[in-house]
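Two complexes follow with chain A in common, the first pairing it with chain B and the second with chain C.
Let's turn to the complex of A and B:
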């Protein structure tokens, strides 16, 4: 490959990635050379500017059509743009949350590191969204994972944070190993790492019956490996320990950005490959034939997350289980594979960015100063800060799927998706509803604390600028998506069509 | 005279009706701390606006045609879901009922809640609730209805739990929310299934599909039952009724609003609004009728032994809602809607009057009350009017609507349900007059209380409702014409214009039964009392009855007391241990599962990895055994 070939690529397709990379490198240099006394907190604005710039450049790419560069390893299609949009939006909010993070000890000295590691992780996630090749995909995945391991242990003097990082890295290693093993099967079967070529070769092979079992092995290993990233059964158990121990901005990052990245990967890999391989029964693809397995995992995830959340007293643990349950709902949407699966998953993830990050902003506000994180700290919040209490309630209502909020529309679309396919997934739909009903208990438990209990502590709670901004943006997002959901769907359809270029 | 354009103009602005209470909610939320007691005026004024507009809209609908306006709200894939509003006969009527009762409750609360520090919050919640209920009523499609349906649940959660420092109130609020949610799940699934089969949430489209045979018969029955489950939760039908009596922990005006005219009526409204769907399935109709009949008698018999004034009214509400369902299930569309309306007025009246009594004597135990007739010169008579109306005494509104229901059950040919309804009518008359006599006759048993009549802001709404409790029956009578019935069914292709007069003897029998109930209550709860002057002109009739008192009393002691006592204790045990037990059992098993799951959550990272491997192994083994190369 000579220089001319390199220059002939449309590098502009990677502009958002370059911006994030640049911001990250600059931040690490700044952190290195700035005097020790300098308050690293203002670096947040630099990181935020980078993310916003990336968002803008992403916006300019929308109309550019599908671009594939570097030997088809990097793809910029409507799918990747739509999901990168969610990643960048979520990242902007997480940076704002991190800006207001003021724990008692163990974070100040490493604040600079936080921002550039965070951007590195984001870069990995964006590459995952755009990868057309197993190699780029895996590199993106590892970039995200390795940054996350360090981020989880950011509070280096805190034993909890160290424990979280340790558990995360070990479980993450296992998950990566499983995923990689699954990918090696895919490579072994097709002889290529390029996903679209792989799909072509494999759909040719599938007529031969003995390959199916190997496909199955690969499918399950990739699925289980990725269930770690999205925190779904059976690889969900790390989440409560890690969320509880990590700094709150990191927990919110894991629950939103990292999870979204996991879903992107899952959609990309499973839908491109396994949806095109014909199964051994007529007219059904391999995935359609075996979607029951995803459905089972979704069902178990929903039940496990919701039921375990009932018993939690620690707010971050409860939200870890809640985010497990939410992953289950999205998996249910993927199981059904209706004609609007993409729309449903995209919308749910967008709604989830708003409601979950909004909730995490308030959680951080309340748990910052005390290390306990017990739910009782929320007691009487309504009297200490009506704004925080009311907006937190709206986030909770949205997570619970009460009408009028984004969460309801998200659940509704997924629900319609599960019931309106042939055959309808009735069992999964009822599990989803049962899970939702169970979730009322713990979400409402928090609301009862905030409104119906005497105050836990004296004094008004003041929202710092970063938290205030996140809460307001998230609130607006949750309500707008809930009351005028068409705004998001129109945006999606107008700019991305029906993801027609996904498989091309 | 108005021309056609004016009528449409009236209905075009129907969307504004729910917005007034919403505005009240938002205003009070934002400025409640500044406004303090003045909050009440904002709430009262804005709901009054709602009421006035509702009357205009009703007038417009009476003179004009059904009006509907909607726009695209959500496009997913091929599906276009609309949002908007509709004014038809049923919901124009509901708008007036809801906004009127809400307005009166707002007014009443000004007096009742005057010493409450959190008055602005209370009025804000009232506004939210009223908004949700009015929004529910004008929804033109199921999805929109469902959204407001949930909001109603949320509003009631806040209102019932208003006295959050009381453990019981908190528990009751939670229970109300979650019990009704169980019903909502049914509604939600039914709604999605209908959407799947018809491609629309719109009522009219669904009805057309149902009529045109676009849906299989079994699917019609299934969806109708699922939707009815939703109605059961909201309208407190057996076995999802247990939240309703507990919800009496909320402030009394709330009980009048939620448990008389609005939220509990929403279930009945839902069945009425989806009526063509129910009509298409005889088994669904039978289920509606049976659950309704069962609930009517079940709750009425429990009402016989309660001591708490509000709980008696609560069980009575459950029982009356059962009546309405019975009416709808036996094909009495007009009867059900008619009773919904009259009940809204007289039950709101009874709750408000009960509130006035509680306000005066500071107890809710009827055994501690007595002799209030003379002290409460307004509350007493209006309470009597309410009691007469609910008991079905001739010339009061309840008489006409109950007669309509009984006729409908009779004509349907379901004599068992008819019998149940008649017995329930007897029970109703009995326990209501037991309540009345215990509270108002005899002597006050609780000492050291200075009893005084409530302020005017409380008595005024009661008087209005008392007037309505008398006259609202006359819009649909066998004597002066069935205006309501013919108007409700007019132009509706799914409902035949009905004129249900029923055999004349039903009216006579109903009267006799309710009089018997009253007489029995009189003999038991009034006979031993000392001051009898309040009855005024007791003459020879009374003397004759007194002559036989011993015999009747003995008879009652020997048989009915024993029997009804036994039955009602038995039923309350069923209520407490089986229904509650089942609900608690489910909750407990979920908690157990939670404990089991957290046992896996050891904190040992190797276990987490092991479980992931185990999961992988299980999946691969299942795959190997069922599909793939071994398939």
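Let's turn to the complex of A and C:
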């Protein structure tokens, strides 16, 4: 490869990634050279500016059409733009949450570190969204994972935080190993690491049934590895401990950004490859034949997450289980490969960014001064801060899928997708319904604390600037997507069509 | 104006809510006044609609429609596919239900003067509840219906859980989980229809489901139609409630504040009946016909079960709760008979019981305020202490047991008339229920009103009803007698709806 070919690439397609990379490098240098007395918290604005700039440059790329550079290892298609949009939006909110994070102990000294590690994690997730090759995919995944491991242990003097980081490293390491093992089969069967070439070769091999078992092995390895990442049951055990131990902004980052990245990877890899491989039955592809297994995973995740959340007193653990259940709903959207799969997953993730980050903002506000994180800390919040109590209720209602909120439309789209295919996935839809009803117990349980119980502590609760901004943005997002969901659907269809360039 | 009148009607309580936000939380009198006034715009619009109807004009001019949600991008194939519009419309049946809602809302708002704390939050939720109830009856597609349906759930949960009696939180959760389950099942049906027929518009669904060979997005086999109808019966059966899905409703009746039970028994339970008629019978008429015997049997079970258990209750509120179950049995029996008289009786019963239950709970609220008990044993001799209250109580018990000249009689008579045509044996068993109704209501009413005055009641401090309390009681009783004497106020608006339903089921 000479300089001319290198320059002939359309590097503009990678502009958002370059901006994040630049911001991250600059932040790390700043953190290194700024005097010790300088308050690192203002670096948040720098990080935020980087994310917003990336968002703007992503906006200019929407109309550019599909671009593929670096030997088709980096693809900028409608899929990647649509999901990078969610990643960047979520990151901007997480940075705002982190700006207001004032724990009792052990975070202040490492605040600068937090912001640039956070940006490198985001960079990894964005690469995953755009990767057209197993190598870039894996590098993106590792960049995200390694950054997350360090972030989880950010409160270095706290034992819980260290425990969280340790558990996360071990579980994550195992998951990565399994994913990589599955990928090695894919490489072995096709002799290439490029995903679209792989798809071509594999669809040709399909007639020979002996390969099907090897495909199956690869499929399950990759699926199980990614299940760790998105915390799908029965591979979810790490999530509650890690969420509880990590600093709240990191927990919110793990539950939204990292999870979204997991779904991006799942869609990229599973859909592109396994949908093109014909199965051994007529007219059905390998994936359609085996979607039952994804369905099982989704069903178990929904029930396990919701049932376990019932018994939690610690709000962060409860939200860990709640986001496990939410991942189950999204998996249900992937199970049924209908017309609405992309719409459903994209919309649900967008809604999830708003409602979950809004909720985490309030959780951080209420718990970062205490070590217990018990839900009784929310008692009487309505009297101490009506705004916080009302907006938290709306996020909870949205997570519970009550109409008028984004969560309802999200669930509606997923439902529609599961019931539209022939035969419809009625069992899965019923499990989703059952899970939703179970979730009323604990979501409304928090509301009972906020509205019915006497105040836990005296004094009004004041929302700091960062939290206030996140709550307001999340509230606007939750309500707009709930009451006028067409704004998002039109945006999606107008700009990205029906993701026709995804499989090409 | 006419194009948006229904929207204004549904969302008019928002005006009251906005005004409430401006009032300071400690100004009790002002909050209550604003709360009561907040229900008036909806009441006046619904009365205008009724007047418009009485003048012989068509109600169709009020229909409205605006694009709302578009799933996917099918504009080239069929612009209506997978769209959910914001569409409201009113016909005779929904007009009656809207009137019932607005009248009871205003009266319940007046009856809410007994609320002791946090009046502002109470009236805000109260008005939100009214929005949900009004929307439910006017929505023209299932998704919109469902949204309003759930909007009633949230404020009701808080109203029960915060302002109720001792075990209010348990009652609120019981309400939430049972109704959450019911709406979840309903949602499953709605989304199946949306996913497979590509629309949830009620008129469109009637055509798509009941016409052979119409192309659908995905096929809906006959077994799935039965499945959906049964799911609808379960979903609305929780609300109505149908035995054995009723336990939550007993708790709510006993634990919720009486003014909320007025709305709960008067309107919220009736959404169950409305749903079965509109969607069960409306969209799946053929399947409903095949299941009609089952529905009659369920109705008879409800009627007898409610009546027997009402007979042994010691708490007057429990008597009323079981009496509600029993009376809802008559609705099911009327529906199952699938002829004009039966349907008319069922809908009459819906309206009539709404008014009577509201009246009874209004009275419960009034005497509970003074004597702090609803136990029949402790209440004896009410007539000597509170003669006016006792008089109204007797009158409403008479209305409830179906005394001729009052609305209860007309509805039960019509329902049984229909049922005897359709299924004489079950109807004969059902008449037992009528006798039992008289027995348990008289037992309870006599025990409370007459007899030796008991200690708890025989106190100088107890005063009789005040004027403010008399307003809702008097108006409700007037409506009950009006319907009893001149049933055409209900039957005229219903005629078209019933014809429509019957022609759908080929009966």
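In this section, the second predicted complex is superposed on the first by the 504 of 504 C-alpha atoms of A that agree within 3 Å, B and C clash if a C-alpha of one lies under 4 Å from a C-alpha of the other, contacts with A are read in each partner's own complex, and residues count from 1 in each chain.
Basically, contacts are C-beta pairs under 8 Å (C-beta built on N, C-alpha and C of every residue); 3 or more make two chains touch, one makes a residue touch a chain.
None of the values given here were measured: they were computed from a predicted structure.
More residues of chain A lie in contact with B than with the other chain of the pair chain B and chain C.
Of the two partner chains, both chain B and chain C are touched by A:489. With both structures placed on the common chain, the touch criterion links A:402 to chain B and to chain C. Of the two partner chains placed around the shared chain by superposition, chain B is the only one that A:210 touches, whereas chain C remains out of contact. Contacts of A:240 after superposition: chain B is touched, whereas chain C is not reached. Using the contact criterion defined above for the overlaid structures, shared-chain residue A:376 touches neither chain B nor chain C, since it reaches no partner. By the document's definition of touching, of the two partners only chain B reaches A:221; chain C does not. On chain A, the patch touched by chain B and the patch touched by chain C overlap at residues 339-340, 343, 397, 402-404, 408-409, 412-413, 415-416, 419-420, 424, 429-430, 433, 437, 440-441, 444, 448, 451-452, 484-486, 489-490, 493. On the chain A side of its complex with chain B, the touching residues are 166-167, 170-171, 174-175, 178, 209-210, 212-213, 216-217, 220-221, 223-224, 227-228, 233-235, 237-238, 240-241, 280, 289-290, 293, 303-304, 307-308, 310-311, 338-340, 343-344, 390, 397, 402-404, 408-409, 412-413, 415-416, 419-420, 424, 429-430, 433, 437-438, 440-441, 444, 448, 451-454, 484-486, 489-490, 493.
By the touch criterion stated above, chain C contacts chain A in their complex at residues 67-73, 82, 143, 146-147, 150-151, 153-154, 157-158, 161-162, 169, 173, 176-177, 180-181, 184-185, 187-188, 191-192, 194-196, 217-219. For chain B in complex with chain A, the touching residues are 29, 72-79, 143, 146-151, 154, 158, 161, 164-165, 170, 173-174, 177-178, 181-182, 185, 188-189, 192-193, 195-196, 590-591, 593-595, 597-598, 600-601, 603, 605-609, 611-616, 619-620, 622-624, 627-631. Interface of chain A with chain C (complex): residues 339-340, 343, 397, 402-404, 408-409, 412-413, 415-417, 419-422, 424, 429-430, 433-434, 436-437, 440-441, 444, 447-448, 451-452, 484-486, 489-490, 493, 497-498.
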